[in-house]
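Letters A, B, C and D mark the chains in the order given here, with residues in each chain numbered from 1 onward.
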């Protein structure tokens, strides 16, 4: 069998042909195709999240010298399924004082925002839900709905801890959205498109040398740190700082409604990893992908898994930051650096340098800005560390 | 173009309905034994002191405020970034002026200690 | 046909949410209705094939302005319903006036023959917007940045808690 | 085109009137601000409808709508900061009670 004939596009074309031969109207075909695509994305998301939860628990277990889940199924693979079944049959307690409509709406919106994000992610050159013109901005919009869900949950629970957790997490999500977006604008500027697939196509030179992570490593670093915060992961998981605010905005939720927040959390991390892969690691690009388009899906999922693994690794090893440190880090370090980087990249690209020289200049500028930023940060931190500390400051009494 | 949004709209319908369908399904199979203590806040009968919706500090508002300004900035910069390849050096300098203006706002907030979490 | 059905449903949804915004006694609920209105308007923009504005609408209005409003509700503890009613004394006149205005506008708008044309939207609308920001409309563009700067400074001055 | 222009204009007019009612009838300053936001949204619908149906080849309508968005955000930021600041000194944001200038 000729391997090159395996094309995911062929399945779509076959399905399209099937619908046309059934003699349906044009609108009907569009509706059915949209329905099938949407259902596929939903099913993909749900199966994925079952696997991701197992993976993360296993990884965290191994990193922290524990076993992790190992009872249900081979290697504990079915642990998440068992958990899901338990949550399905669990009693669902709604606090009497809760603001009922927003209380019930919030977990649904949390799931809604992560599933919506799947629509624009290019799994391969042809396998993409909707390749819209404003892909990157669409992801931002979807994220805005997520912070609205946290705000609603925190408010409607009628619990002080939930409210503080909700407000904290929204302040965090809002703050870190700025460096995230500024870091995403830079690849958009280089490639000249906001389409997610266009961004992946723009990085397609031989064996990954066109990936934006090589020419814009600082943009990727900013993106990655901000995506840890957007995914509410350690070291930025202040919403579930057990020692301070018990468990954040979802404390009053139980049963399936809690499960939805849990699912949204894991899928959100994966979506952020997928965005990082598409924007900085060439998405579905890889060797022989032109001859065998189906390989793209494998490359894409593999790269995304590696990024997700790094996220889980960071989560399992880093201690938590304080909220003031977290806010300062965002606004006084990441945002200024992203702004400077934006200006530098814009100017370098307009110098019209020949190709290899331009890439090298970009790389040098990135590293230089990063080193300057880190040096400045280190200097101010050291000053604070060695500042004279006194038990009390003597004041001269004024006459 | 609208075809692309057909899928997004369909996905929106399904993604919006699906969580509630599942929650409705669990309502059929789960136990329902409410009691006043279980249903109180914190699920344990410990009463909250005072009103839940207490007044918050202005710090949250200040962060949201700075965010709004930078959000608008990003919205202006995205079309600029898409058109970037066709633009001349002077146009780029104009956009950098725009960014510099907002960077000044950030510096002002920094100096006024609006970025400190007190 | 399908587009018309979607339009009518979304128009009803949007207007219903807007009515909720102006009548809800609980201010937090009013803010949530407002979010619903913004989402409905975004769908109308999609039907107009203005995808950039549709997405910006969600980013700016739901992500930023609605959040700001909810934070402000928290900060001022201005829950409705606890004080006297949500409406002031002139609400009946306001309702009459608004209804009258709507009737006049609707009659006017359905009568006027606007010179419409059926032209496809160019595929590079976003590039056009971007290059016009730094081209034809460069002065509004820079003025917008000054406006945002001034708004930021003013709002920080007003909202900051003064110490001592 | 499937949807006539006047449909959009009528929806925008209705949204504008609802916002107008909110501004006139609400007591709470934040609620009044929400009414203003509704009115601005109605204006934007009109801009985009005219852009789509009269001159889609030129981005003027979209650009104007973006500026309206920016102005709306600036207005909300300053307006809400004012409300918070008034609340801090007067402990109310009920418009009926804010009548310092009445003497």
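The criterion applied here is as follows: a contact is a pair of C-beta atoms (placed from the backbone, for glycine too) under 8 Å apart; a residue touches a chain by one contact, two chains touch by 3 or more.
What you see is a predicted model; the values in this text were computed from it and never measured.
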Of B-C and A-B, pair with higher C-beta contact tally: A-B
Chain whose averaged C-alpha position falls nearest the assembly-wide average: B
Intercentroid distance (Cα basis), subunit C paired with subunit B, Å: 17
Inter-centroid spacing, subunit D versus subunit A (mean Cα positions, whole Å): 33
Distance from subunit D to subunit B - Cα centre to Cα centre, in angstrom: 20
Contacts with 2+ other chains: residues of subunit C: 1, 3, 47, 49, 51-52, 56, 59-60, 63-65, 67-68, 71-72, 74-77, 121, 125-126, 128-129, 133, 144, 148, 151-152, 155-156, 159
For subunit D, residues that touch 2 or more chains besides their own: 66, 69-70, 73-74, 76-77, 80-81, 84
Per-residue multi-chain contacts in subunit B, two or more chains: 1, 5, 9, 53-54, 56, 58, 60-61, 64-69, 71-72, 75-76, 78, 81-84, 87, 92, 95, 109
For the subunit C and subunit D complex, residues of the former touching the latter: 1, 3-4, 7, 11, 14-15, 18-19, 21-22, 27, 30-31, 34, 37-38, 41, 44-45, 47-50, 52-53, 56-57, 60-61, 64-65, 68-69, 71-73, 75-78, 80, 83-88, 90-91, 93-95, 97-99, 101-102, 105-106, 109-110, 114-122, 125, 128-129, 132-133, 137, 140, 144, 147-148, 150-152, 154-156, 158-159
Footprint of subunit A on subunit C - complex, ascending: 1-2, 26, 28-29, 32, 35, 51-52, 55-56, 58-59, 62-64, 66-67, 70-71, 74, 123, 125-126
Contact set on subunit D toward subunit C in their complex: 1-3, 5-11, 13-22, 24-31, 33-35, 37-38, 41, 44-45, 48-54, 56-59, 62-63, 65-67, 69-78, 80-85, 87, 93-96
In the complex, subunit B residues that touch subunit C: 1-2, 5, 9, 53-62, 64-69, 71-73, 75-76, 78-84, 86-87, 91-92, 94-95, 97-98, 101-102, 104-105, 108-109, 112, 114
Residue ranges of subunit A in contact with subunit C within the complex: 27, 31, 99, 101-102, 132-134, 137-138, 140-141, 143-145, 147-148, 151-152, 155, 167, 170, 174, 177, 194
